Amino acid sequence: MVRKDGRNDDQLREVRITRGFQQWPAGSVLIEFGNTRVLCAASVTEGVPRWRQGSGLGWVTAEYAMLPSATHTRSDRESVKGRVGGRTHEISRLIGRSLRSCIDLSALGENTIQIDCDVIQADGGTRTAAITGAYVALADAITWLGAAGRLADPKPLSAAVSAVSVGVVDGRVRLDLPYEEDSRAEVDMNVVATDVGTLIEVQGTGEGATFTRSTLDKMLDLALNGCAELARKQAEALEAPYPYELPTPAPDKKSKGSK
Amino acid sequence: MVRKDGRNDDQLREVRITRGFQQWPAGSVLIEFGNTRVLCAASVTEGVPRWRQGSGLGWVTAEYAMLPSATHTRSDRESVKGRVGGRTHEISRLIGRSLRSCIDLSALGENTIQIDCDVIQADGGTRTAAITGAYVALADAITWLGAAGRLADPKPLSAAVSAVSVGVVDGRVRLDLPYEEDSRAEVDMNVVATDVGTLIEVQGTGEGATFTRSTLDKMLDLALNGCAELARKQAEALEAPYPYELPTPAPDKKSKGSK
Amino acid sequence: MVRKDGRNDDQLREVRITRGFQQWPAGSVLIEFGNTRVLCAASVTEGVPRWRQGSGLGWVTAEYAMLPSATHTRSDRESVKGRVGGRTHEISRLIGRSLRSCIDLSALGENTIQIDCDVIQADGGTRTAAITGAYVALADAITWLGAAGRLADPKPLSAAVSAVSVGVVDGRVRLDLPYEEDSRAEVDMNVVATDVGTLIEVQGTGEGATFTRSTLDKMLDLALNGCAELARKQAEALEAPYPYELPTPAPDKKSKGSK
Amino acid sequence: MVRKDGRNDDQLREVRITRGFQQWPAGSVLIEFGNTRVLCAASVTEGVPRWRQGSGLGWVTAEYAMLPSATHTRSDRESVKGRVGGRTHEISRLIGRSLRSCIDLSALGENTIQIDCDVIQADGGTRTAAITGAYVALADAITWLGAAGRLADPKPLSAAVSAVSVGVVDGRVRLDLPYEEDSRAEVDMNVVATDVGTLIEVQGTGEGATFTRSTLDKMLDLALNGCAELARKQAEALEAPYPYELPTPAPDKKSKGSK
Amino acid sequence: MVRKDGRNDDQLREVRITRGFQQWPAGSVLIEFGNTRVLCAASVTEGVPRWRQGSGLGWVTAEYAMLPSATHTRSDRESVKGRVGGRTHEISRLIGRSLRSCIDLSALGENTIQIDCDVIQADGGTRTAAITGAYVALADAITWLGAAGRLADPKPLSAAVSAVSVGVVDGRVRLDLPYEEDSRAEVDMNVVATDVGTLIEVQGTGEGATFTRSTLDKMLDLALNGCAELARKQAEALEAPYPYELPTPAPDKKSKGSK
Amino acid sequence: MVRKDGRNDDQLREVRITRGFQQWPAGSVLIEFGNTRVLCAASVTEGVPRWRQGSGLGWVTAEYAMLPSATHTRSDRESVKGRVGGRTHEISRLIGRSLRSCIDLSALGENTIQIDCDVIQADGGTRTAAITGAYVALADAITWLGAAGRLADPKPLSAAVSAVSVGVVDGRVRLDLPYEEDSRAEVDMNVVATDVGTLIEVQGTGEGATFTRSTLDKMLDLALNGCAELARKQAEALEAPYPYELPTPAPDKKSKGSK
């Protein structure tokens, strides 16, 4: 059985990474996995949350959201509903946790990097695209902080982080599911990994079905290959110079993103 | 005194209108007034809110929001704060009211068009860009509804709607203020007008200052000229065909935007 | 066509201003525009909001609300709904902005004046009555602060502020609309002005209709005359002495409104 | 020890009851216990809450609130805080329960009477003034419903309801405590009673102290005498005719308070 | 008429008190009044709420809640509804107030004892069981604080506190109503008393009926006898030693319940 | 390195399962994993949520919560905070999803089973204990529904569901982590599995670290063995008869849990 979009089972959708999409945040990346488009911004603020003050450690946190117009049929706005839904919370926490696993928070100094992942168009895999794009925005924010002379140590990032979905559809293990496959998958898994092939997070769910351990193994094979390819795309995107003028160190910390 | 961006006092910033920015909503427009970028989507749903059911009339409503990363320094997410702020409410109501003034809701049939204006990048004039772009998205949604055979009358739009800001900066009346001017304006006004030169809404505010009636008159002159030019840009943008495949009438109402 | 209440098109309803309506706030004014009755209180507290501390500047802010029993059919209580509605927010912001335009906040010292406008009975024009009455309450609070020796400069008020509605009803431009006219007006405008005839805020809206610039001009003529008359009523009301015993300066700041 | 305001221990403050204070609700009463002033409105709506529909029974419910400017130092607005406080909830429930104990809800037909008690000025005893005034507003709403021919039975009220506070201050049992006494009372009790001397509600609390049964007995003596006097004041107030024009029965149910 | 469970009118249900039900709080008591089961925990934290800091006084406060599965038919979770209901608020305030009346807050030092009463199974009288159990948990927390050397004075408790319900059912005054009786009681009263027979709180309510003063007197007789018996049960339960290892004073305050 | 509680790395804590812990829900189970104690209730209601009505399918959903007193230091009550936290949401969704994977919702008929998992005492592994106990409560609810003649098919459960945590602590892979180990684990995984050894959900997270695929494999080995043992404990517990009297089919559906 062939996939509707003509891909092989172990093939990613086309990936596009656009740095400098917005002007003000220290990092701003538009990432596309096929028709899925997520805007990932990394904003820098001096200081850390109250419970962390005086520790000498920095902080990285994330928020994920969808534009109401991003989905096939419009979804209600969470600000209007007055509460953030469970799924949104879950994904925000996943993104923050994934990025923190590859950064040395003491090297960051008492700075906070706030990641915002806003889905512009949803066609499956929004959380994995968000993680993959957020890493690139984070790397730009680190470059910006380094230029401004605000890092306690010049190399806080220990590895690159990317993520991909994998699932069982029509009885076959497939990589990077679009909405059309995701919505009828029997098993659905998201894998977050580093560019050296270690795992950060594995979340696999039987959707009204259960799955064997050997299926799990096949899914991990495909996902780790997918993450390796995404890591190459990230590295390529980061070869170009920082997309805006960089700040100069001290005494004037007045530019981009700092208050 | 010359404006920082080199414009004359009565000149608009560069305006760009991109139709079909997103795939799923019936209308989706990215509008840019210089560095201000707003994504305006028009989603169609069958039926109307409960308080309107059985009236035979349609409904048009709007929600405005900013991405946290859209502003010079990151702003907090309203969904996380758990409430929509006063400014957001005010602008959402203004957009909806402005669009409803140019549409015959009985011609629309019992359909709802939900407008979402999400600011991608903010550099002054987000509400006026939102209204101007939302009209184009609304026009596309009307085309889509017409093709689907769901309009009670084929021409519900009675005029085009556009909006522009005007203000007093450095003692001079100026059109289409960017953030740098807006933040220190003595008087600030937003004008919504039709393409035949009539007014829909006028909101002028002294910012810690008062203003004379003759200043008000000069501001209206500039604003009405600005709206006329915006109306020409809208007409130009709408000359191209609908950016996606149009539905065919009944019995299959299954495509774009309908549930 | 004659107005139902027998007034000329350019005539205000009967205006009554009662100072000292409540005992505890530094200023408390019941204002009546015909059947519309609004209680405007000005409460003084030492200090200013956190974001303003140490600036040497004072602060004036306002909240507007309706009693549930104020309207023809009972309206739900916003505290019970758990959120302040868009209209309430909008009017609260308008009142605060209007009053701040006529006060020198540095002369006020680091004191906050909180204005509360609670509508006791609503019959159109509640926001304009609120602004007009709030100015009188503010003036009394300033007198109280001056007597207590807590002003940085004895004359912080630069002008008197009043407001009135004007609209197009039955094709005619009319001043100070009661609910019966307001609910069917084609155009509706609120004008806030000073006692020297300059403008503070102009908000005009076509209600499902548009309007020409010459209609706007006629509306402004009527509104400015109306505000001039309201300014005279305010001045008259303020001729009488402060309605309660005034504090004496320092060291005992223990009386009215201070904590 | 004499009371500051010169009253005897068993004496009420001056009581004033003004019917028809507002125009729109079917009953609207301003009640004053000395400096405590509460506006009590009774609004009629057709139908009953969903959980009661089809039962043939009516419903009476109440909401209590304070204007921010009613207290010695301004209190925050519950709508702005986004939640109704515990004390407010408690008093609202007490008022509704007290009034329901004296009305035959089957005689009322499927109509709802919504009581709103809004404190204009607070000087102790606001909840007891609210109950006492609310009964008068309720009686007016019943008169209005009767005139409109909407009662299932012409006499739904079985007794008059009034309430008073009593407490131990300076070691003495005293009636109807103003704020100055209430704030330092050792024991505080509110008693709701009928005009035939039976009890509806008794709530006595030791404020950081305990009290003997004989103290309880003395408090009940004073409270029951106080309620008897309040019942006489209510009867007097209700001798005058209904303060507005009464509706005529059916088919036009379009007037006061009905939707 | 005999009671369904065979008790005499003046008889309590079987009372069981289990100390040390949970390991972490300084006091944790499961109390059972027949089928009603309430878990009462007393948690100690250093310091007091902001408004009390520097006073040298401690603080005791309480929260009451029901498990959704505690009631005959499941009740919705208040956390999911996003607000605490009026009844919950009322009972929480009652518990806190009752316990504070028997404790010398200056002897407590600047420590806070937070009482949590969570209803595991509801069969009438949950608030009175909660108060009775909470006193035992409070006594254990005091013992714990004393052992840790953190009391300003070794004996902060001036009396034991217990509570019981009493009501009129089938025309008879009865003690300690189970749900089956409570739901059809004509009069319902809760009495909180000390072990020396003085009163702390009396709350009596006619449920759609009124009651005479002599009925009130009979209810008080039964309730005071019931409280006396509950005080004996509390004393018995507290005869056993503290159920866990006690802390030793200073410098290591690291154990149970302190942060 | 030996575990503090003396267990082998691949050993579960002592597991205790008590059925019929509460009287009213159709299933009520207290499950203990060592010091972790979770009360799992399954309440039956007729009908299904609105979005599912008319489908002929039943529904199973879950809510998870902690008592404030369950944790080492007291945690704030989510009802008082007015919102359910992200972690709570996440676990509630996990429990519901896990149970739905082993039940045929069409066999259930249009009934809803609401699972409530309330943590009485937390010592690590609360979510896995909750899932394991919830399955037993669900099985009891199914028995109850079957006896009442309300199942569309007598055997809706296709497998038993249990869950266990596993992690890397002190460099060793260990099963069923108590709080003391969980709080310093480098990798943390929760596995939900059936009694036939297939997987339902796998969630593994590097806590500030990454992990290799071979570590993942070792964790899965331990977890699947742990789940197999838990499935045996569940089967044992379910050998005893239903702990209360069962209903008889129709026409009287008046008993346990149905409204």
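Each chain carries a letter (A, B, C, D, E and F) given by its place in the written order, and its residues are counted from 1.
Going forward, contacts are C-beta pairs under 8 Å (C-beta built on N, C-alpha and C of every residue); 3 or more make two chains touch, one makes a residue touch a chain.
Molecules present, by chain and UniProt name: A, B, C, D, E, F = Ribonuclease PH.
Everything numeric in this text was worked out from a predicted model, so none of it was measured.
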**Asked** How short can a path of touching chains from chain C (Ribonuclease PH) to chain F (Ribonuclease PH) be, counted in steps?
**Response** 3
**Fill in**
Per the C-alpha fit, the turn needed to bring chain E (Ribonuclease PH) onto chain F (Ribonuclease PH) (nearest 5 degrees) is 180
**Prompt:** Of the other chains, whose C-alpha centre is the longest way from the centre of chain E (Ribonuclease PH)?
**Reply:** B
**Request:** Please compute the C-alpha centroid of chain B (Ribonuclease PH), do the same for chain E (Ribonuclease PH), then give the distance between them in whole Å.
**Result:** 59
**Request:** Just give me the whole-number Å value for how far the CA centre of chain B (Ribonuclease PH) lies from that of chain F (Ribonuclease PH).
**Result:** 50
**Item:** Cα-centroid distance, chain B (Ribonuclease PH) relative to chain C (Ribonuclease PH), in whole angstrom
**Value:** 31
**Item:** Set of chain E (Ribonuclease PH) residues in contact with two or more other chains
**Value:** 82-83
**Residues of chain D (Ribonuclease PH) that touch chain E (Ribonuclease PH) when the two form their complex** = 83, 85-87, 89-90, 92-93, 97, 100-102, 159, 189, 194, 197-213, 216, 220, 224
**Request:** Write out the stretch or stretches of chain A (Ribonuclease PH) touching chain B (Ribonuclease PH) in their complex.
**Result:** 22-25, 28, 35, 39, 41, 43, 45, 63, 65, 67-74, 77-84, 88, 114, 116, 118, 120-121, 257-259
